[in-house]
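Across the two complexes that follow, subunit A remains constant while its partner is subunit B and subsequently subunit C.
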Partner chain A sequence: MKISNSISKLSGVTQAAVVMATELNRRVLSEAGFKDAAIDLATTNDMIVAIEAKDGESIASALEETEKLLGSGEIQAGEKAQPATLEEALEIAPDANLVVISVPGKFAKREAMQALNRGLNVFLFSSNVSQEEEVELKALSKKKELLLMGPDCGTSIINHKVLGFGNSIREGNIGLVSASGTGLQEVTTLIHKAGLGISHAIGTGGGDLSEKVGGVTMIQGLQLLEQDVQTKVIVLISKPPGEATTKKVLEVARRSKKLIVINFLGEDNTHLVTGKLRAAAILDEAAQIACKLAGGKTEVATAAIPKETVSLALSEHKKLASGQKYIRGLFAGGTLCFESQIILQSVFGEVFSNAPVRHENIIAGNAASKKHTCIDMGAEEFVEGRAHPMIDFGLRKMRILQEAKDPETAVILIDVELGYGSNDDPAGQLVSVIEKAKAIAKDAGRNLPIVASVVGTEGDFQGLANQEQALSRAGVIIMPSNALATKVSAIIASGKKGSNPLQEF
Partner chain B sequence: MLSTQLSLPIIEASSVGRIAYSRLRRQREGIIQGVYRTAINILFDGELVSLVSEEVQRGPLNITLKLPCGLLNLSSFGVKAGDKVRIDDFALKLGERNIVSFGSASVYSPNQRFKDSILANNEIEANVEVMRGTAIHFGKMAGLGELLSAITPEKAGDKVRNLNIFSSFAFPRIVRLEHAFQSEKESALKNAVRELIGFGPGLTPSSDDMLAGLVLVCVLYAKNCERAKCVSKLIAQAILKEVQGRTTLLSEEYLKQASSGRGNEPVMRLCAALLTEGPQAVERATMGALEIGETSGTDIILGIVIGAMLCIGKQSFLAQRNFNEH
Partner chain C sequence: MPIEKKTEKKNILTEKLKVVNIGISTFADDLRSQNVEVVHVDWKPPAGGDLEMLKLLEKLGL
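Our next item is the complex of A and B:
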């Protein structure tokens, strides 16, 4: 179906149909003027590509495009299969020194061990690897002086090649090590938007900074960036690590000759500011400090909310009905959900979540929202049997409609991730549901503001400007970072500007 | 983007459809018929079984696989059409290396008897409107989905005049099917069904998806409701008689299953919600069904809308329009 539509839109093509060769389809094609002996000979499980075009050249290019589109989804008979073992992969690329592994969790250790024992660095995308296995794997990687990114590592950019989910980021002198995938995407895209770039962005996997694992990969990454001549400033990103692990990481960081920005989200990091260390409480602050240290001349776009946006937010507040009090954050990025909670807690105190900053504020992901709520739609309860919400918008769409029906919802806050691995057209997925959500609220006599940030760059294949414009046309208030989107949502819900550093409007 | 496609040593199945299970227990060898993003179709002595990713969900012919996080693409399995499949006890060996184990999988058997009783006709009609509205808003219209807007009075004229080639061809034939349903004549039903089977784009042609939705909701209604007419049985029989060799193998299998009151999980859930639950459940289930295939979900929903209206003794507005006007 997609193929028919794509081919029909090509220049010079007057009509096109890509259909299965059923009796009825053959008859209809014949009535439409497509007559050929090959059509008569085709059987029901064959596919017919029928193209009518102005000239032979247009037909040739349409056929070429059809073959390309058909090849992208299906492995044709006779086509060489993908490498199915590490040995086969190394036959194809014998000089490779890094292997990407994505196998079911129960086999991940075996595959990663094999790769490490062959002297290969590893990007381990697989999840469901036990902590004991992770400890064992990291001990081996440390012994062999190889980098093990993961398990459960979603994002890395090594030598400007994106592994897993990630964005098209300019080359530059800021290196990053992160235990958070979307955190890494947010900071690297903000650096790019500020006109600077990165050397490498090393993902560690979410469990690396636990006390048992002890930050092995973060420390290795830090040491590698220390040796890397291109890297001038290093940014470390994580949710709060264990006490002993924090100590270990900081010991290595303090010995570094480079400038280091520490962003342990949700922690009071101010005591860390000594010598070459700087501290950031939230992601966009980490990007701002890193850009400043790296010699950025232009201000990071996210430094403050423009006055006109503050006015817009205050006027949106005035349009709210009396019962509309609460922010409902629906996130694809777990770390962005965490960051928003930190900001909203500083304004409102209590924020509920399925992945809460404070354990006492936990609610089930599929439960109805309670007061201010931030839901991590990428949490395990939502992705079992489904693709990640950065790819599959189904559940988030339903939740948006659910929140639109709730008379207590003052504003819906969302994140949109572009780049490799993400949905081809996230705005296209969201626009119709946003329009419906606004219509539901309107029918109930309410105004429903929706605020979003788009994590991405112009280099991403979805196109940052296109995506932002499409959302903006649907009435979404677009902010350049998740932190600012959260702060704008807070102004809309409260009708007030903030007064502490996290609320700095 | 750097490929994340590496070896998949043993993949575990989380569920096996009852029909698939009985086919697997009867056979030793099969052959891969097609490899797609979310499905690998295997033929065992002419009978189909599909390996599917969990996003496709459970179905009578499906072996639903637990794939590693983020890797929901079966076209990266490393097998191709024509490769042999061997069944060894409770495992399938695909090509040379890949093994799918279904020893600990649960057997999925769609529940044809609803746990709640069938709603009153006016409540079902209200649910049909919720389903139709949701599908118009979120569905994909490149197949027959445009007809969803033409089956009620509002703006139907405009919609009917501007139909795409597939909808415009199918429109008068669906009207004839509705008339045949109401006439309760076996021969008229067979003729009407024959005029639709195998038409339209997609691996499961759009008209087949529409017919599958229509017959499934009719059969389920009949199984759960004393006031149902026996015409549901007639249309199921007409499809079973006419489907052979007129459409793709996959579509033929789906139509046979639907005529027996069996469908994939999202469609079964939608029928249950439509006939026994409230509008919120219907809206949720509609969103789930819309995710089937490219346009299949929307086309199936069109069939369910028409079928449900016929079950409660109403004709869709499509049938009341003069289809020559477009």
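Our next item is the complex of A and C:
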């Protein structure tokens, strides 16, 4: 992906892609105008270099640069060879305490088992690890009292060091355990934006709270934070776990001497509020409650939509054509997609998605949007042989233009993630397509509002203010959280302010 | 058979991180930029990626 970006920026190059020849990538290339028999014949064992440029000279120099970049990973003569196995690495670093694993899923269990057997904690980024393998790995981690974050764990912050994807967050007294990567990023950045900070944020991987796995990592994480002197408040984040797992996690939580915020998204968690437990329905609320308990101001930045933004949203509504009725949410963050659905369901009832909160509202990710639609562009169907949409904006850009052409689209809602692992310049990726989308709508006699939230902080290398300003200059309405961006989108689409707790502002 | 590291059981939250990175090298680069000591493994699929052979190796504890 980084190579595609570098080549695209070369002078004379109009578009370029250096990708694995998966079916999805071949289709995308064909839609982008790259049609060739060699592409049709390529298999997943092949890599496709596709370059469109204004002349032959530009293509030749782009090809030369591609070869240089593709070869840059090779060890040059005279360079010290790297260890080839964990065993060899431990000869160099016998006191290592954590192994970060991101090998293809079918090899991940083997590497993780070896690490655990050597007494090492594991951050397992690899996906496509079977549930049976996860159960086996977690039984071992539990027995050895080692932390196994993952599989499919996108982010953790341990001792203020980011593992995988994640943001630069102030040190503080709020600890988190999260089964959701973007959920963890959203809540930690909101805590930072509210002027507070975190002790540790432990990712568990998305499958940890399934009934078969039983929340092993969440319970371990909770117990570790319980012992941690820096942690005063603990936040637990997950999509709704199974009944037995919920019971197990809550039993441990109830024994805690610390204040705990439970955010099992989409569940009515109010019955959980006992003793030191608090419940939050959405990520934004979890951050607010945690900040309040940790001694911050009651009124954090994301608690309300400023009056002038409400006025702006209402005036945007008035500019909509009569057919423009629906919100189209295009998300890189799966949990943000989930959070938006929860909010929009409370306003509009039905919301369609490829990762729906209610199963009856499922639509295929590549199908046209239906009424209010939220698409998780990080879902498996979009990432086969491609980088995650936090890095590769290609498919999301195409979808933004598709929604702009739809006369029923009232507002496009997007999320942008900064920090380690994300694209170097997300706003730079989006600005031209946003301008194009607005122009498409304008040519058809429509106004097209676009609302976004940026998950990030000033400490992130992309810079929060830079990114927000660049998007704002392109005419995007920027909100400080995904929940508020969703609520503003709801006002634009409906022309009404909300009336129930999820819509409060 | 791998020999288990005979060290006192420690808690990852209270220790300074020292990492072995197996797989995507940018994770090692990101950790180094945060002043974390990292050893990166130049990983290749074991048994040339042959899963049957891999299962045999696992049976032998290799």
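Keep this in mind: the second predicted complex is superposed on the first by the 423 of 505 C-alpha atoms of A that agree within 3 Å, B and C clash if a C-alpha of one lies under 4 Å from a C-alpha of the other, contacts with A are read in each partner's own complex, and residues count from 1 in each chain.
Assume contacts are C-beta pairs under 8 Å (C-beta built on N, C-alpha and C of every residue); 3 or more make two chains touch, one makes a residue touch a chain.
Everything numeric in this text was worked out from a predicted model, so none of it was measured.
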Would you check which partner chain A:Asn97 touches, where first means subunit B only, second means subunit C only, and both and neither mean what they say?
second
Thinking of the overlay built on chain A, is A:Tyr420 touched by subunit B (first), by subunit C (second), by both, or by neither?
both
Check the residue A:Ser432 against both partner chains and state whether it touches subunit B (first), subunit C (second), both, or neither.
first
Pick one for A:Cys337: touches subunit B only (first), subunit C only (second), both, or neither.
neither
First (subunit B), second (subunit C), both or neither touched by A:Asn128
first
Based on the superposed arrangement, let me know which partner A:Asn159 touches: subunit B (first), subunit C (second), both, or neither?
second
Contacts of A:Ser4 with subunit B and subunit C, given as first, second, both or neither:
first
If you stack the two complexes on chain A, which partner ends up touching A:Leu24: first (subunit B), second (subunit C), both, or neither?
first
Quick check on the superposed pair: does A:Gly119 touch subunit B, subunit C, both, or neither? Answer first, second, both or neither.
second
Subunit B/subunit C common contact set on subunit A
73, 75, 81-86, 89, 99-104, 107, 111, 125-126, 161-164, 420-421
Spell out the part of subunit C that touches subunit A in their complex, as residue ranges.
2, 4-5, 7, 9-28, 30-31, 34, 36-37, 39-46, 51, 54, 58
As the complex stands, subunit A meets subunit C at residues 73, 75, 81-90, 92-93, 95-104, 106-107, 110-111, 114-115, 117-121, 125-126, 145-147, 158-159, 161-164, 200, 224-225, 227-228, 420-421
Would you pull the subunit A residues touching subunit B in the complex into a rising list?
1-2, 4-5, 17-20, 22-25, 28, 32, 44-45, 73-79, 81-86, 89, 99-105, 107, 111, 125-128, 152, 154, 161-164, 383-388, 392, 394, 397-398, 401, 420-421, 432-433, 436
Taking the touch rule as given, give the residues of subunit B at its contact with subunit A in the complex, in rising order.
1-12, 14, 33-37, 54-55, 57, 66-72, 75-76, 78-82, 95-98, 137-138, 140, 142-143, 165, 169, 195-203, 205, 207, 245-249, 251, 283-284, 287-288, 291, 294-295
